[in-house]
Amino acid sequence: MSEVPEGVRAVEAVLFAAEEPMGVDEIGDHVGPDVDVKWALAELQDHYSGRGIELVERGKRWHFQTSPDLAYILRRERDESRRLSRAAVETLAIIAYHEPVSRAEIEAIRGVQISKGTLDVLMEAGWVRPAGRREVPGRPLIYATTPAFLAHFGLKSRRDLPGIDDLKAAGLLDPIDAALEQLVLETGPEGD
Amino acid sequence: MEGDSFDELPLATADADRLTLDIDGWEGPLDLLLTLARSQKVDLAKISILALVEQYLAFIADAKRLKLEIAADYLVMAAWLAYLKSCLLLPKEEQADPSPEELAMRLQLRLQRLAAMREAGARLMGGDRVGRDVFLRGAPEGLKVVRKSLWQADLYDLISAYGSVRARTEPAVHIVSRRPVMTLEEALLRVERMIGMKLAWTRIEDFLPETQDGEYRKSALASSFVATLELARKGKVEMQQEAPFSPLYVRAA
Amino acid sequence: MSEVPEGVRAVEAVLFAAEEPMGVDEIGDHVGPDVDVKWALAELQDHYSGRGIELVERGKRWHFQTSPDLAYILRRERDESRRLSRAAVETLAIIAYHEPVSRAEIEAIRGVQISKGTLDVLMEAGWVRPAGRREVPGRPLIYATTPAFLAHFGLKSRRDLPGIDDLKAAGLLDPIDAALEQLVLETGPEGD
């Protein structure tokens, strides 16, 4: 690496430490009259071109910024495992067994209103998608499950879901106190 | 021992004001001792503890003479140093354990440690410090961590949830199972019809329909008894019983 | 200017954008597993050497900063508005060179009690942290320095503390013989 001229180094340091974009005169005030600021800025702009940061001019003021094509790196996604709420699992189950269903239909089957976030969560998880509109008054959105839903739950197709008789045989249709308590806890106004 | 070191004492030329200020600047006896030792301009390892003690005592005496307030720990240290001095001057055989030499050495060691740390602190402060000598980026864009939820649920959760939805929303119809009974009206008609055919005293049980159903039989007996009482009240039948719980006989009046 | 490798650009951008010094793993989380972060850091450190800004390692964490020789350009007027007291400087030095140390040990070296605010000031500055308790009677809290301490004072690690090797060699950092120190400091025969 060849020797970097002092003036260039000074302007580089000043712009790096600056809290706001700086004009040429302002930079000059810091680095002193011996430095040709414009020339130093041109040198720097050239030097940083193609690097991870770049020197840019905006309205006659200069500042460093990270290169726009790397913006995606500054934002990192972190995965967090979270269990679905009871309401979300029930909603998902109703969609899976009855699809396509509208929100009102889901509420009718659940016997409880669903909060706005519940469907959002299922869609965010990638298990539920809007599947058009029902051609009835109001044209409500209808929902269906996705291939990702089948994949997550290890199902080949929706036909693999146990039927009502299977559920009954497994004792899963017995009214459970817990289920009733749940109902009481969640109770919003009941859907008709 | 450095006899001329006394000349370098800050006391020698100190006026009252300066002395007060100096005391304010010192945090404790060890601190003052260190400053006095430094004024001898010699290596702490070679300093004469005896000379140092005398300087300290002179300092305290002078301060007292100037009616300055001296903190208790300065006086405690003065007393201890006076003791140490007397020990150092006494013949060897009268000395206690630990020996005054050892105590003097330890005091010296402590002064060295404090001096070392004071110097280290100064060098630390003199380094390239962020915000004074070097500067960080003035306006960093910042890095963001976006939390993305990975939702978890398994098949059992799904089907049991569906089961419980269905279970709790299944329309509940309550049917009261019908028990075989003979109504009072039925019994009245039956007894009234049959009484015409029986002229002699007849046991009430003979009026009951034939049945294997014990429940129905009890109901029929109860209703028929009430019906017989009603007919007796109207004067249509007579009733006879010899004793409680003995057979009840009925005939047309 | 030859093409800059993507990995180097990415690490450069992340460190530029970061609000705090970053460890290798942390950088890796942002730039992804395909980038050899250590190699990129070495490349960058080399590239920036002699420029107006430099890449430095402080306590296994990395950050960009302006070169020390340019301080005269950047020094601001409000410089050192918060000067540390002498007591705080000494206490900080004792903690840094002896860590971890208890309050009593600090006081034994200084020969005077630490006033209540001294440790608070150092902790508030983010340079000192409680580091557990010493397993001796009374289980006193012990204190140590933080990565921010190293960053602020321009030290790569505690081994970079000025003169620490000499002090160690001279035995001046050895644990104090508490019992005898106690004897000298307090139970010196009073009133004899």
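We just call them A, B and C in the order they show up, numbering each chain from 1.
Basically, a contact is a pair of C-beta atoms (placed from the backbone, for glycine too) under 8 Å apart; a residue touches a chain by one contact, two chains touch by 3 or more.
Keep in mind that this is a model prediction, so the values were computed, not measured.
K.L.:
By mean C-alpha position, what chain is farthest away from subunit C?
P.N.:
So the farthest one, by centre of C-alpha atoms, is A.
K.L.:
Where the centre of all protein Cα atoms falls, which chain's Cα centre is nearest to that point?
P.N.:
It is chain B that sits nearest the middle.
K.L.:
Rounded to the nearest whole Å, what is the centre-to-centre distance of subunit A and subunit C, using the mean of the C-alpha atoms as each centre?
P.N.:
That gives a centre separation of 38 Å.
K.L.:
Taking the mean of the CA coordinates per chain, how far is subunit B from subunit C in Å?
P.N.:
33
K.L.:
If I count partner chains per residue in subunit A, which residues reach a count of at least 2?
P.N.:
Only 13, 16-17, 64, 66, 74, 76 qualify.
K.L.:
Name the residues of subunit B that each touch 2 or more other chains.
P.N.:
Those would be 135-137, 141-143.
K.L.:
What part of subunit A is in contact with subunit B in the complex they form?
P.N.:
Listed in rising order, the residues are 13, 16-20, 63-66, 74-84, 86, 88-90, 92-94, 96-97, 109-111, 121, 124-125, 127, 152-155, 161-162, 164, 167, 170, 172-176, 178-180, 182-183.
K.L.:
Name, in rising order, each residue of subunit C that touches subunit A in their complex.
P.N.:
Checking each residue of subunit C against subunit A gives 1, 3-4, 8-14, 16-17, 29-31, 46-47, 49-53, 64, 66-67, 70, 73-74.
K.L.:
Would you pull the subunit B residues touching subunit A in the complex into a rising list?
P.N.:
Those residues of subunit B that touch subunit A are 135-139, 141-155, 157-170.
K.L.:
Give every residue of subunit B touching subunit C within the complex, in rising order.
P.N.:
27-31, 73, 76-77, 79-80, 83-84, 98, 103, 106-107, 110, 112-114, 116-125, 127-137, 140-143
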